[in-house]
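A, B, C, D, E and F are the chain letters, set down in written order, and residue numbers restart from 1 in every chain.
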Amino acid sequence: MLLHLSTWHEVEVYLEQSKGIILPIGSTEQHGPTGLIGTDAICAEAVAKGVGEVIKAMVGPTINVGMALHHTAFPGTISLRPSTMILLIRDYITSLTKAGFTKFYFINGHGGNIATLKAAFSETYAHLEDLQIPNASKVQCQIGNWFMCGSVYKLAKELYGDEEGSHATPSEVALTQYIYPEAIKQVLLSSEVASSHKIYSATNFRECYPDGRMGSNPALATPEHGKQFYDLAVKELGNSYLEFMNSD
Amino acid sequence: MLLHLSTWHEVEVYLEQSKGIILPIGSTEQHGPTGLIGTDAICAEAVAKGVGEVIKAMVGPTINVGMALHHTAFPGTISLRPSTMILLIRDYITSLTKAGFTKFYFINGHGGNIATLKAAFSETYAHLEDLQIPNASKVQCQIGNWFMCGSVYKLAKELYGDEEGSHATPSEVALTQYIYPEAIKQVLLSSEVASSHKIYSATNFRECYPDGRMGSNPALATPEHGKQFYDLAVKELGNSYLEFMNSD
Amino acid sequence: MLLHLSTWHEVEVYLEQSKGIILPIGSTEQHGPTGLIGTDAICAEAVAKGVGEVIKAMVGPTINVGMALHHTAFPGTISLRPSTMILLIRDYITSLTKAGFTKFYFINGHGGNIATLKAAFSETYAHLEDLQIPNASKVQCQIGNWFMCGSVYKLAKELYGDEEGSHATPSEVALTQYIYPEAIKQVLLSSEVASSHKIYSATNFRECYPDGRMGSNPALATPEHGKQFYDLAVKELGNSYLEFMNSD
Amino acid sequence: MLLHLSTWHEVEVYLEQSKGIILPIGSTEQHGPTGLIGTDAICAEAVAKGVGEVIKAMVGPTINVGMALHHTAFPGTISLRPSTMILLIRDYITSLTKAGFTKFYFINGHGGNIATLKAAFSETYAHLEDLQIPNASKVQCQIGNWFMCGSVYKLAKELYGDEEGSHATPSEVALTQYIYPEAIKQVLLSSEVASSHKIYSATNFRECYPDGRMGSNPALATPEHGKQFYDLAVKELGNSYLEFMNSD
Amino acid sequence: MLLHLSTWHEVEVYLEQSKGIILPIGSTEQHGPTGLIGTDAICAEAVAKGVGEVIKAMVGPTINVGMALHHTAFPGTISLRPSTMILLIRDYITSLTKAGFTKFYFINGHGGNIATLKAAFSETYAHLEDLQIPNASKVQCQIGNWFMCGSVYKLAKELYGDEEGSHATPSEVALTQYIYPEAIKQVLLSSEVASSHKIYSATNFRECYPDGRMGSNPALATPEHGKQFYDLAVKELGNSYLEFMNSD
Amino acid sequence: MLLHLSTWHEVEVYLEQSKGIILPIGSTEQHGPTGLIGTDAICAEAVAKGVGEVIKAMVGPTINVGMALHHTAFPGTISLRPSTMILLIRDYITSLTKAGFTKFYFINGHGGNIATLKAAFSETYAHLEDLQIPNASKVQCQIGNWFMCGSVYKLAKELYGDEEGSHATPSEVALTQYIYPEAIKQVLLSSEVASSHKIYSATNFRECYPDGRMGSNPALATPEHGKQFYDLAVKELGNSYLEFMNSD
């Protein structure tokens, strides 16, 4: 059930049976020579919609731009600063909490969002309690990173071994190929790829990772792999969502 | 050309021939008993993609949540505060200006975004000049409101007369019906509809407009109308974009 | 009745009969070779005081500096950033709402303030409701732009035609001449004047409008015209204020 | 020379001979049963204009609302929060520094502004140096409190002794009587007046000082005293301004 | 070498040979019935000083209060909001970067700080590059969590097994006992202890964890254990710091 | 009684008999050729602990970094911006107020903190009342500057006369020598020392005060003097604290 395709009456009815909502969050950032700039948002949105269908949960609008400051030396990247993203998350949750939602499950496509999301949750819990909004103390947020699902990780290791890398990975590229087969890119990748550098400033990042990949070989990706990753992620995060909803 | 389906190399190539980008911005807010909560984002995104295809312009990710504080007494609405939205817009434009973009054309689906967008542009121009970012003084932002296109307005008047109203209008509902025919809602609308109240607090808004409509009769909408509105908006905003690109 | 010339007891008494207050807001910005830097504040203050006298309404202190970032490449201009101005407006309204005021009528002398004022109103309504301040949901703000009064506009067209322009206009210069006849400037204006450029960064603005005028010929202004504009604006905004007070 | 009555050309000429500007800052707050709510702004503005005339210095627009949070339990008071006021002062000085001003002399009418002004100056010096604005390191701000002038203090002691008190004082009331004789209030003051309480929250302040006075007897004020205070303050702050301008 | 016991000349000399600094960061929060409120700050400071001595590295002042919003329903807890802490960290690093430091190693005593620290680092890298501070692109921050050292973790498991828990743990209590033997608390702990609840709002946290412990049995702690933890942490973090300094 | 060496139970018990807490606040800034960078924090902490012992008052964690922007051109200085420090103070007091504290006594070691502290108190009183936190209107903050104690000042004058100066003073250096005799620095000081310059930007400060001292001769300091200053400050501030606690 997509919030964007619902009416407010339908939301009202939904809230009688569930206080939970899934919020997909991605990023708009370089993903190497062949990865799509929208990779993280595309994956999060697709998986979230899949989970929502299977589980009959409300799925909110995708947050297309996240915390990708370290990628901003590559053209096409758009990033919120962490301080902006904290306010954005706070505004989202505050709006929805006033309407009666109390369980927020973020399906996330970008590792760089995790720290800021967690900081935003802490900020928001305190904000809601400060304002004495009804049910403030019951608000709960959780992150489900599709790329960190045990089943996804296992398959990626089987298919790609060390060539999975940690950014512009074949697994995420495969998932976008499954969703947008018309946007599969054919570019010859250099066989050497940088890896193992820590992430600091945007300038430093581009110096360390000149083509944007971090130890990955996205040439291994196929749409069929993408389908497999999709199925695994939807199943695992669906269960994770249900567990979250059933916890106190 | 969609930014989300491009690689950073493709963006680099694009920037050699154009410094312009289209950014769709909508809202996530109640649209009356039959209108979709995502109406404004859906419309802005569809029109922006249409313009991008026709004009061969880059289209960035949709900003799904805008300034809809006055709708937050209805469940399902999500709103940024203006102060948050200013930071968000500033972060978007700053990221893209560093990459070389200087012309930002926002295709907007929500009247409530306009004031804050304009404030954000002013804030951003000064921010970029303060930081002495190259080309800062050349950055230009413009808003194209699809629903305020002369051709769109004319058709809406012809089709609906005064029943167009000003929120949850048949024209925007028609456009969403064209894009998502599977999400057409069948709800009996009361024949009386509130109108003419000014917009103040969220509580006051819901008191004044109990079912969320503002003087409109969205029951008049059809997907065929939606197609007409789509074609008109794409054409008119396409020309507006080209004019913007050709101006100094 | 001027707030600045009242005691707090008098305000208490006033609040028993009215919850309305007029707040003049101007700007401190270049107004071409002959226009006063304080033009927008001078005009707003004069008209507001005039309205206050006629209507027996409370008039608050003039906000002398507004949103004029695009004029800051000219010496003498002072501007708030929109984000600062939003906080300022929020603080003003919050202070006065706690005291019992609920109707805020801004008499505005500067087009560049409008977008940020509207954003500030939205921010403030939500802020007051968040804090659960008594009467928060009843707070209403409205803008009365003296220069956009129908009667003022009509007279300006009659007197100046296209030479009214859109900044450093003869109508606003005339009004300042009426109020400060001792500060009428005699400078030879070039017969050519820039016009039709959109407003972007401060640097760009000065490049487009080298002497600060936007399509105007302020040499046409006279103090007598100023008197006429004053009378029309006071009358029209007085009625507008009363209408605002009588609305729900 | 008033900035508000000057053109930008005149400012340009002024800057060739002086980099100094006087900025009057007051407050909009209760001043006891007979004191005007605008007292602090009225006094600061009058003295600033007087100094400007004598010394031929540029005088900027009056900051009518300052930091008066502790007075907000009395109707009519308007206050900025310190965090807002810091941004306001930063924006003012940044605008003027870009134009070439480097010496900012604040003529202040309200003790409650001092701490926040000093904090704002520190914030602004760092902000300007961070932005690498030309002359940033030369920017200097100073506060001239008219009510703390040695000569003013001496006269107040002579005229009123301990009845001068510390808020709604006869000296400031006298000064407003001199400037606005038409606004002299006749109210019987209770002979007892609270004093010696420290200033904490707004609620606490009103509990401690129920009529708003702090140990003062403003009934002693006369317009003639006001003239004397005015002359002393203009003279002493004029000298202080010159000393400031002549220092490195 | 402690920054607080150095002169600025000594810092200048130090910078000729090293650009690195250690910054201890803790928290001020409840640590169960027997744990000290300062536990996290005490441990971070002690370990940081130990590392600084062994490695001859500069150690900055301890950040005593961190992100502990979820503990604020227990008296004695003090917490920054994440948005405040981001500004604090940004200000620290900006000050030190201007002086020439580029490598910031945070020795952290509190798991709740990690997300906000990481968000703060991202914010700061971008801030420094935006301001074009020399060496901005070279700035690097790293976190060394003493309680997550492999050697520490191993010993804790050996000594306490599952009774280590995750807050008010015997290992951290032991370390404070070693440092402040005079502050060892004797309180009978209930044998049952809550565990496995996720962390959300402060109110919820106290409901879930009524005595403040999270699955731990701090009664097992001894000062002798503390000495062992101290030695292991100093050794392991010392190596980690050197590795950080030697990396690009 | 140190908060950091207490448990939350002990704080709960303490609150039954007292609502007061002492918060030491210092700075991390250059103190001339021989003064320690931590001077202000060291002194504030030592005096606060002394007062806490004598008076049996709770002493919170030391705020080691304050408002020292004007010293940031000297390496080793760390400063918060005033806007950050206001948030920090607000967060501290908000946390503690929720727990039941209402009287906050800041023992301060740095003149540069005073203005921002006062601004922060005003901001915080309003913040707490806005949030309708219980006892918000009773919250009271006070600053006790150890170096401005009458007894301390008198002794400094006796011992050092004009060579006390106003920064890197022999009195504060003496106090650090008493506390950290192992960190007494032996550097030959030039007999000439700058004085009498006002404080503006960091760059300007270093130009005016090239070795960091402001009119002082810290070579006169001895640990024995430090002991005397310590005893005087503890006694005088202890009395001041008690007076604060006994006031309404």
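One rule holds in what follows: a contact is a pair of C-beta atoms (placed from the backbone, for glycine too) under 8 Å apart; a residue touches a chain by one contact, two chains touch by 3 or more.
By chain, with names taken from UniProt: A, B, C, D, E, F = Creatininase family protein.
Since the structure is predicted, the reported quantities are computational estimates derived from the model, not experimental observations.
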Same vs different contact residues, chain D (Creatininase family protein) with chain F (Creatininase family protein), by half of numbers used: same
Greatest separation from chain E (Creatininase family protein) - chain, by CA centre: C
D-E, A-C or A-E - pair sharing over half of the D-F contact pairs: A-E
Rounded Å distance between chain C (Creatininase family protein) and chain D (Creatininase family protein), as computed from the means of their C-alpha atoms: 24
Approximate Å spacing (C-alpha centroids) for the pair chain A (Creatininase family protein), chain D (Creatininase family protein): 53
Euclidean distance of C-alpha centroids - chain A (Creatininase family protein) vs chain F (Creatininase family protein), Å: 46
Multi-partner residues of chain C (Creatininase family protein) (at least 2 other chains): 72, 81, 83, 87, 131-132
Every chain pair meeting the contact rule: A-B, A-C, A-E, A-F, B-C, B-D, B-E, C-D, C-F, D-E, D-F, E-F
Chain A (Creatininase family protein) residues within the chain F (Creatininase family protein) interface of the complex: 130-132
Residues of chain F (Creatininase family protein) defined as touching chain D (Creatininase family protein) within the complex: 67, 69-70, 72, 81-83, 86-87, 112, 114-123, 125-126, 128-129, 136-142, 197-198, 200-204, 208, 247-248
Touching residues on chain B (Creatininase family protein), where the partner in the complex is chain A (Creatininase family protein): 2-12, 15, 28, 30-38, 41-42, 60-65, 72-81, 83-84, 87-88, 91-92, 95-96, 98-100, 180, 183, 185, 187, 212
